[in-house]
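In what follows, structures are represented as structure tokens.
Common to both upcoming complexes is chain A, partnered first by chain B, then by chain C.
The block that comes next holds the complex of A and B.
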């Protein structure tokens, strides 16, 4: 039994550490600022990090295949600008939303194909994607466009009450992330696709030799990343009710940091989507602690996230070495 | 048998060939569509024109891409140069500014042409901050055994925060005129920044080509393990490359903050890491490490800025230009991909066969 517990701990070490750190940070915040103990503050995390969560989920898959997707923030900006421009023209959201998702998927497929067939570093290709998406967003509109569409307004302003917690609520878009998470947990752990993703991340060569559909899977992963970014862009534009090319600056960094804090290794093959959820929540908690403090400035978020990433990499390599032994 | 290789092939396989072709293409485009681009006038005793602008604006990027070349040649990558630029710029401007801490900067403090610290100390602090950042990256990569992308990502995320910590979140403005010289001054009609680039380039060139460091860097990039077994301290080579990259970032920060007379920690040197990597890639250095060419990377940086200034002359808004730059990256990627090279080689070699055996 003791052996089994030890095995479990070593196998799930990074994930458990992430959860522990989240709980510790949250409780520390609660001790410092008693107002943080209210359940609503916890649910605010989901409201504030709605789009970051969706983006990070897509990013997790990409990173597990040993790739990286820097284009996510650009895609969010492009989606928000494009959907705002279309909605201002009076086109129905029923058409706009699927169109945006299709755009995201097409974008992801294009990047994935370049990475796979032209053998270019994912880093450079998705960087090009970032520049391209932001540039296109600025070509669509150089200033912020307001969305006045009733459907978007309804989605943005309707509160969903949480059962068992009085007065606690989230907005409709904040539910998309957790729903997507459930789907992705199934995809990653219980399907052939998920197994193939992990296999590619561990060793692409042997995955290829095993006869796994490497090219198809890799392109699918980037397409899924594009889909997630577009979805996050829709959520983002719903929550701000506007569209602009400069939105979400540096969100790709937040997403990568969240994924790494969540226990996914940038060297590929190791990772967990549940960890990503907690990585995102840690990010959100740091932000809300800073907000409750009021005197500390926002740049501490970045420093905090950077320090946590460093700690995490240390912990990961520790567990990795233990596992090897 | 060097002489047996046909001249065309030798030229084509030179590292500088493709970057120069790309640069020439942009220049030809300019010559046709914007003839005014090449006009160089003399204003107040120094040269003035789009070409000079290209060099002046590209100077920080050229510096950063010099450092980045060495890092990429060791098989790594430095994502933190933008943050290093911000940190060093913040360091320099804060030391000049008499209003420290929570004091609000008022006009009567700023209007005076004074500095809080002697200029040489400012420059030293500036460079010191950058070198320290580079050293930190190098330590993480070489001693901490963290993959370069992750290691430098940490500073990339935290760096701008640190820069804002230094400036206390304010946008610093410098009214001390000697500091402006680095980004705006002229020597013999040419901008000072060009001379700085030349000096750093020569320094780097002597370091890597006249000593064995360059060879060591390439061997680390090709195979770190066998380098280690041949008795070369792979760790110290990596440490050197990252520290040098930090040093270059610091000089770039100095020039940039001097150019705009101040420092906005959030925006100074934004996307420079990406542009620098791009410049190195245009220069033909492989991301996986190995052989590198400093000059080709500098040409790469020039290509980026020639393209940018060309687009400006056509009136493209700066923000929308990002899309244009992406298209440029795409073209370069396509040009450099194995497919295109194979096809090009085939075409040229078939022609050569028709003219008789080459070798």
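The block that comes next holds the complex of A and C.
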């Protein structure tokens, strides 16, 4: 029994650390600024990080395969600009939204195929993807396009009340991330696709020799990443009710940081999306604390997240070394 | 002609690579329920034959018959589907996912569209039970030893591929004696179930321990297939080398010559040198013109001792004196300056840079010694590497060959050359002949003795007792991280084995 607990701790160490840190940071915030103790502040985290959570979930899979996807923020900008442009032309959101998701998937498939078949580093391919997507977004529109579509307005402004918490609410788009999370937990743990993702991240050559569908799985992972980016782009344009090529600057790095803080290793094969959720929440909590403080520069968020990421990479190394012994 | 018991018949297999005829008209057959050793020096064509059989390389000529049917193996996956599975020395599984997944992923049971974990774990347990292994299959594979990982790989090939033929490529090279015996139990069991096993190894002891027949390859040609029981070891070695054991005789002769040297000077002296958790305090000395062998079982502290003397680890007790000067700062760089060089045990991980050329590999240590800013001209580099290529007999078309394309023995020689190029006075060789063939072993042993003849001091660490006996002027035996005894070279092997085992 003691042995099992020990294994459990070693196998899940990074995840447990992430959750602990989230709880500590949140409670520290609550002590400093009692207003943060209100349930709504907690639910605001989901409102504020709606699109970051979605891209980070996609990013988690990519990083588990030992890849990286730098194109996500570009894709968010492109989706927002393209959907705004289409909606302004009077095209129905029923067509626009699936179209955007298909675009994201196609974009992911293209990048994944280049990575897999031309053996180009994911870093390079997705960086080019970032340039391409953001560039295309600016070609569509140089200025911010306002969305006046009633469906978008409905989605953006309808409050969903949280059961058991009086007056606490989120908006409809904030629910997409948590729903996606449930789907992805299932994918990761209960499907051959998910387990193959982990196997590839550990040792691609072995996975190949085990007869697993390596190429298909890797391309699917990037396609899923593209899907998540496009979905995040839709959520982003709903919450701002506009589209613009300059949206979400640097969000790819926030996503990577959240995934790493969540215990996923950049060396591949280790990590899970629950950790990523907490990584994103930690990111959001730091922002909240700074907002409550009101006097500190918002750039402290970046510094805080940077420091945490660094600490986490250190902790991961320690766990990794411990495991090796 | 065709034995009905044969599950595999390979006939007239020929395969050439640019500039090399790797296999020439080789026949190989495997019976149901037999363990068949595939033996030969490095470059004899063993790996190529296996590659042809597992679909990595298509043969130029020849036919493969499985269960009486002609087959063409298109890819490693295809060979698995046909029932031909390979377990490699470096285990091709994923350490981060559970043991159960490693056995069954790709063929896992499903329930309502999702993986049925309960059933998966039960099936995996059953698969391992067949090999008499009882472990927690839900743990990540990486939590288990290499030996267990190897069994898991075997279990996968039996479960997933329902293997009829199992190829074990150097399976025992990283196992200790208990683990090896455990593997052999598994092999015997599989044999009883009618699976044909091809066993590739450098350990002749194990060949005699476990195999029924032996096929010997040499220079890409078939020497012959023999019944293990009726082929004495000396003849087997003769067939592998294609010559009598004159080279081994030469080793002995070289050693005798060295014995007569009287004017030895003490170079290295360790007094009570030890490090907690690594090796207990040890007294030890090494003089010029001398080869001192270190014998001991795996885990007896051989490598730890080398690491202390070379300054990789810092001792916490005792003193180390080199040329009468007491060492105060322990670091490999300091040791290099004192004229000590270490060839590490694991040449792939710690020594060789496969993607660099022979020349670049040889120059590395020399360049480090000169300092990174002093430029060694290309011409000088070629001179140095050409000198050692000739001196050590490294088989290569040019110094610009990438090291990863060389055979194991030649790679080992390149590492030796790297340190020799720095002209060290003391050379620590940790398992210099591991994983290389008998001929190359004899060459390296001879070379070691010649170096001693020239005045160098050599610490020769090896897990092969014969080799230590043949090569060393003095032998230090380690047991349980302690020095158990020291013998002169006329000691008999049995005494050493008893000391190693702790029977006095």
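Quick note on the criterion: the second predicted complex is superposed on the first by the 325 of 325 C-alpha atoms of A that agree within 3 Å, B and C clash if a C-alpha of one lies under 4 Å from a C-alpha of the other, contacts with A are read in each partner's own complex, and residues count from 1 in each chain.
The rule is short, and it goes like this: a contact is a pair of C-beta atoms (placed from the backbone, for glycine too) under 8 Å apart; a residue touches a chain by one contact, two chains touch by 3 or more.
Bear in mind that the values here come from a model prediction, so they are computed numbers and not experimental data.
Classify the contacts of A:154 with the two partner chains as first (chain B alone), second (chain C alone), both, or neither.
Touch partners of A:154: none, neither chain B nor chain C.
Quick check on the superposed pair: does A:27 touch chain B, chain C, both, or neither? Answer first, second, both or neither.
Touch status of A:27: no partner.
Quick check for you: in the superposed arrangement, does A:257 touch first (chain B), second (chain C), both or neither?
A:257 contacts chain B only, not chain C.
Looking at A:266 after the superposition, I want to know if it touches chain B, chain C, both of them or none. Which is it: first, second, both, neither?
first
So, A:165: does it touch chain B (first), chain C (second), both, or neither?
neither
Who wins on chain A residues touched, chain B or chain C?
Of the two chains, more chain A residues are contacted by B.
Overlap of the chain B and chain C footprints on chain A, residue-wise?
On chain A, no residue contacts both chain B in one structure and chain C in the other.
Quick check on the complex: what are the chain A residues that touch chain C?
7, 11, 186, 189-192, 195-196, 198-199, 201-203, 205-207, 209-212, 269-270, 323
Considering only the defined contacts, which chain A positions touch chain B in the complex?
68, 114, 118-121, 123-125, 127-132, 134-136, 138-139, 142, 245-246, 253, 256-257, 260, 266-267, 297, 299-303, 305-307, 309-310, 313, 317
Which residues of chain B touch chain A in their complex?
77, 145-147, 149-151, 153-162, 164-165, 169, 265, 274, 277-278, 281, 287, 317, 319-327, 329-330, 333-334, 337-339
Spell out the residues on chain C that touch chain A in their complex, using ranges where they run on.
Per the stated touch rule, the residues are 76-77, 80, 91-97, 101-102, 105-106, 108, 114-115, 117, 139-140, 142-143, 156, 160.
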